[in-house]
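Let me begin by handing over the structure; questions about it come next.
Letters are used for the chains, namely A, B, C and D, taken in the order the chains are written, and counting of residues starts over at 1 for each.
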Amino acid sequence: MTTDNTLLALRGVDKVFPGVKALNGVDFTLRKGEIHALLGENGAGKSTLIKVMTGVYRRDGGQIVLADDEISPANTGEAQNLGISTVYQEVNLLPNLSVAQNLYLGREPMRFGLIHWRKMNRDARELLAGYDLDIDVTAPLTTYSVAIQQLIAIARGVAMSAKVLILDEPTASLDADEVASLFNIMRELRDKGIGIVFVTHFLDQVYAVCDRITILRNGTLVGEYDAATLTQQQLVSHMLGKELEKAVHEKVDHAEEQNREKLLEVHSASSDVLQPLNVSVCAGQVVGLAGLLGSGRTELCRLVFGLDAVKEGEVKLSGNPIKFTNTRQAVLAGMGLCPEDRKRDGIFGPMSIRENMIMALQNKRGWWRYIPMKKQRELAEHYVKALRIATSDIEKPINQLSGGNQQKVILARWLASEPHLLLLDEPTRGIDVGAHAEIIQLIRKLCEDGLGLLVASSELEELVEFADKVVVMRDRRKVAEVSGSDISQQNIMQAIAGQ
Amino acid sequence: MLHKKFLPLYVTSLLFALLFLAGSIQFENFGTLRVFMNLFTDNAFLIIVAIGMTFVILSGGIDLSVGSTIALSGVIIGVLLEAGWHPLPAFAVVLVLGTLFGAVMGAIIHYYQLQPFIVTLAGMFFARGLSSVISEESIPIMHEFYDDVAMFGFELPGGAWLGSSTIIALTVLVLAVMLANFTRFGGRVYGLGGDTHSAALMGVPIARTTIAVYALSSFLAALAGIVFSFYTFSGYSLAAVGVELDAIAAVVIGGTLLTGGYGYVVGTLFGVLIMGVVQTYISFDGTLSSWWTKIVIGLLLFIFIAMQRFLVRR
Amino acid sequence: MGYKDLSPLVRRSIWPLLGLAVLLLANVLIAPEFFSVEIKDGRLYGSLIDVMNRAAPVALLAIGMTLVIATGGIDLSVGSVMAIAGAVSAGLIVSGVDNIALVVGGGLLAGVAAGFVNGFLVGYFGIQPIVATLILMVAGRGIAQLINSGQIVTFHHDAFEFLGVGYFFGLPFPIVLVVIAFVLVQLLMRRTALGMFVEGVGANASASHHIGINDKLIKLMVYCVSGLCAALAGMIAAADIGGSDANNAGLWLELDAILAVVIGGASLMGGRFSVFLSIIGALIIQTLTITIILSGVPPKFNLLIKAAAIVIILLLQSPEFHRQVARLKKKRGPKHAS
Amino acid sequence: TVGFSQVGSESGWRTTFSESVKAEAEKRGIDLKFSDAQQKQENQIKAVRSFIAQGVDAIVIAPVVETGWRPVLMEARRARIPVVIVDRNVAVEDGRLYVTRIAPDFTDEGRKAANWLMGATDGDCDIVELQGTVGSSAAIGRMEGFNEVIGEHPEAKIIRSQTAEFTRAKGKEVMESILKAEGGGKQVCALWSHNDEMALGAIQAIKEAGLKPGEDILVVSVDAVDDMFPALAAGEVNATIEMSPHMGGPAFDVIESYLDGKRDFEKWMVMDGRIFTQENYQAEYEVRKSN
């Protein structure tokens, strides 16, 4: 298997967490100048494999060989010194530091033994210009949305890569343009002889840039394939261990919309950042929100949910004007919001899966009506099964789940609270194809039961697939609305581009 | 350059100026260079420990041991001088021991994943306990070198005095600003306070940085102990009780967030000065009973923090 | 069954309990009659009872502190609140109020008021807990001294003194009070969803806010509970000596309370909490104090011993320490390495 | 104008002391600048400096500790401001740095207590000692004086010694444990407490252990605070050595005559404390009751 240009090789790597064998004798080979996709379901062990390579986790067995030398990095810093640079799955940057500092942390340009701030900021601006990003690099990172942070993390990883670049789901919240420019950069690096490991759940992206594919399932290696010879269908069945079934559904078109009960009506409402806009969602309808980074999709969801104040205009729920002063009122009124930044606003890290799922429902019922433990367990077990959450135990702290499974838990949280109107901000971020299909099916089923959905997503394909209506946003205002059979990637793209 | 991120700093310095002004209007002899310089002379040791504390807090930790470390340094110096040592080697011993002490606490915190609050609390008990074991009684310090250093300084107009301890404190301040904002170490400290997990994934050497931060804090506490010994000419196991809380308060008043990652060393200087002005104000007033003194300090602390909150939030 | 198979709750409880057991055993070595409990005049009498009785104020503080710490906060003012509550009750008694309900109610009210101030500053003003409560830590003792004019106010009021020195079915009344407070808090936290919400706010305040939990109100509540517990502890302390000593009542006890909570295994970053283990923490601290007294070592060694004990107990709880010990064991005795 | 730097308000005795100085100043029409150092020497030094900066006519210091006063006293001297030390001592070799010191003699207090106890027990006694705050000069001095005397009595020995930090609550707690450790306390002959507060706490512990303080266990301590007299009357306390908190009057006397030009003061005006026992407490009790 080892050819001359093998760069990094893992042999028989094991990793055990309490209760889970996350990696079981996994082999992995990365060649010079290739883009190598690492694929698998949520919880298959991709991130764990990466963290073992870069010394975040101590491996329990096996070998790692980098350019003929066996290595055992003890932390990311050592891995970096060995020439392995990594962009981890969740955005792992420092929120309090400036963008420039984040980009250059640990390798700041120095002058007279002191940090040369001006040069650092200048370099940072230039670096980001390569990603069509023109932002204030001296502002703290938190001021930017997840997607921009994601780009910054990529820029940092790419700029540091010496031999190996590892990208763990870097495109999860990027839109098509950014993805395209990232791919260009990846190809350039490949041509320079750098080996790239690329984790994603978007299969077309795999075929767009990757040369070879390694598939994991349940912590074991399924196989290594050439991208050119493996069909998408084969790929999926290797990943899931079964065929993927897809359901097609009828879209609710404009005419029908008039007959249905209006759940949400936003009448020329504006917030501190949003321009006045109109949006409506009716029962059983899925409304998609499309737009580029910073177009205001997240802001719209926050506005409806009462997290931001309505400045002008009004928001009506089931015909009644609403003025929420806190989010509990929104929850009681039958809404739910699945936030975009799950690490910051979604998960209760040290708390169990059960508690994470039950929390919204419990809050809705009030603190004094404690849901009996038996009922809690039932609910949790139910959703773990329904959403196929990979875990050994519902009492496991959520921060020990893989990223995609965490997302499923948050989704389950809101499903359990039985809302009328659900706001989903990038709900399928980091979710694998199998689960993706299941979630979409679930969403459809909920709609049939009369639930209204507002879904902000950067993934046009998915919007086309399940939305009955797509609201397109640009520069914090609504620019178009496409509905029924007019919904196609083509149409939406045009609206986004402003043609 | 009026930058938004320095806002807390502007607010703190403005509040200091306001309070000083208020005192000057109200009391004769208050608005003098002498009173202003006394703020530095009297609080030099506090400035030094608070700077060390700033680093610890920026890194997301806390160090409760500094007050006892001051006492321990004083006692060790006292004992060594009694045994006939020259102060300079005694200082070296104290500084080295102090640094080691901090490094050990940092190592325990990092390697055993224990909480800084408790580890340094144990450190506080340890240092204070050790000093009372070494000597329960206060040891007077008598040495020509001490007289010379204490006498060293520059006369300023109006009977004001720029003494050696002020000079040491200001030097530490300048070095600390450079360390915090112009070296890689500084960036790492901020990073650690921002998000330890992310910092680790970005390649920040967590172990080394954590240990270094506590070592630095204890080193500065030992240095503050030396300065304190010039201030009181003695080493006493009960000296500097509660200084850790003063230092924490100063750091926070100076605009640093206790959760770590945000704040500036210069802010801490103003934090100390503000607390100093409050004390001076109370002693110029001279009518408050013991309990009113406490209540007024609490109220002023509240007003500052409320105003800071209000002004910075906008 | 190995250590790894134990449930997390049991695993977490083992070490504090083990620490307590070790300390108690140490006492037996020092004073063989340590465990003997006799009944004198219908009252339980013995060193063990003393430990529990003396630990009562810190245990009460620790109950409130546990909740505060679970939300990611800290309450430095509890010592001063003890002094205030004692002073208020004593003040009421010496000014001629005889009704025990009024006297106790006054003290408790003072505690809730203090807690309300803390909770308001932390929850609604967004001030960092350490500083917000530092304000009352400094000013509160001043307020207590103001009420007492700086003197120790002594009083005689049998019903009130019962709080400190009374016996209830042979048990010192402070112990009974701790049990009652524990049961109440446990019911409130574990029979309703409050406990989960408290942990949620501590684990991620922003996420709680996003699902509509009123995180500010929860914070306000836990500081009020802490104030209430502190007030009760303050009244016990005053009743115990039949006087309100505003200068010294509860002095530095906030540190003991925090220590108790941490020894009980809670994280100061918030999240998971166990009121029971915090009480065990308080017992550990008190046992240590009594051990030192009984052992007869000169008082100047007190702090050193305390420091050493804390470090040992903390290490016992550290998973990394367990791993190191396990590795050592493996090296020593390969036959056990199965 | 006179600046007065007080230690703090750590005990009732201390508060009475502060109040009496204030009252005395008011009586004499002195403008008193009072500063509370909250038990911290550094605060006290700051206060003295700010008195100098304010240009007061004289300074009275009740020092937290003995050591460490030279620099600031020299500063006062340069500014030609007279300084009077009250209560605790200051350790400076150069006697010219302060006008005089008005203070009790801690060692002598310890001696008096021991002498009384040895007299009452014929020098045969197993003593429990409650120490003050570890490292405080009162605790060190009283311990030294007491031990010096009982060192001459081979039958007398201290069987248990522990700190109770000068407080009533600790006094009770520590005594309680000591009694348990001494098998109920039947063998203990006397309690020697470094101050009255601890003694008052310990008395309660003795009572709760079923013994009679003052008879089963003799009680001797220092301060003679007001609360001790009811206890003396009840026979629960055997002796206490007075330490008068009224040092304001003598201090102001000295300052006034200094400002009138007098220079030759004794360096140490010892406040000699009376000893109150079962025999002689009544008169003083009546006086205090009437206040």
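Rule of thumb we're sticking to: a contact is a pair of C-beta atoms (placed from the backbone, for glycine too) under 8 Å apart; a residue touches a chain by one contact, two chains touch by 3 or more.
Keep in mind it's a predicted model, so treat the numbers as computed, not measured.
Trainee: Taking CA centroids for every chain, report which one is farthest away from subunit D.
Mentor: The chain lying farthest from subunit D is A.
Trainee: Report which of C-D and B-D is connected by more C-beta pairs in contact.
Mentor: B-D
Trainee: Can you give the whole-Å distance between the Cα centres of subunit A and subunit D?
Mentor: 71
Trainee: Between subunit B and subunit D, tell me the centre distance in angstrom, where each centre is the average of that chain's C-alpha atoms.
Mentor: 33
Trainee: Would you kindly tell me how far, in whole Å, the mean C-alpha position of subunit C lies from that of subunit A?
Mentor: Distance between chain centres: 43 Å.
Trainee: For subunit C, jot down the residues that touch at least 2 other chains.
Mentor: Touching at least two other chains: 145, 150, 267, 300, 302.
Trainee: Where in subunit B do residues touch two or more other chains at once?
Mentor: Where subunit B meets two or more other chains at a single residue, that happens at 132, 136, 289-291, 293-294.
Trainee: For subunit A, write out the residues touching at least two other chains, lowest number first.
Mentor: Residues: none.
Trainee: Applying the document's contact rule, which stretches of subunit A touch subunit C when the two form their complex?
Mentor: 18, 307, 326-332, 337, 339, 344-351, 355, 358-360, 362-371, 395, 413
Trainee: Can you list the subunit C residues touching subunit D in their complex?
Mentor: Residue list for subunit C touching subunit D: 31, 33, 40, 46-47, 50, 54, 145, 149-152, 154, 165, 237, 240-243, 245, 247-249, 251, 290, 293-294, 296, 298-300, 302.
Trainee: If we count contacts the way the header does, which residues on subunit A are in touch with subunit B in the complex?
Mentor: Subunit A reaches subunit B through residues 56, 75-77, 79-80, 86, 88, 92-97, 101-102, 105-106, 108, 113-115, 117, 138, 140, 156.
Trainee: Could you pull out which subunit B residues touch subunit C in their complex?
Mentor: Listed in rising order, the residues are 108, 111-115, 117-119, 121-123, 125-126, 128-130, 132-133, 136, 245, 248-249, 252, 257-259, 289-295, 297-299, 301-302, 305-306, 309.
Trainee: Can you check the complex and tell me which residues of subunit D touch subunit B?
Mentor: Interface residues on subunit D, with respect to subunit B: 3, 6, 8-9, 15, 18, 32-36, 38-43, 45-47, 49-51, 53-55, 65-71, 91, 93, 133-137, 140.
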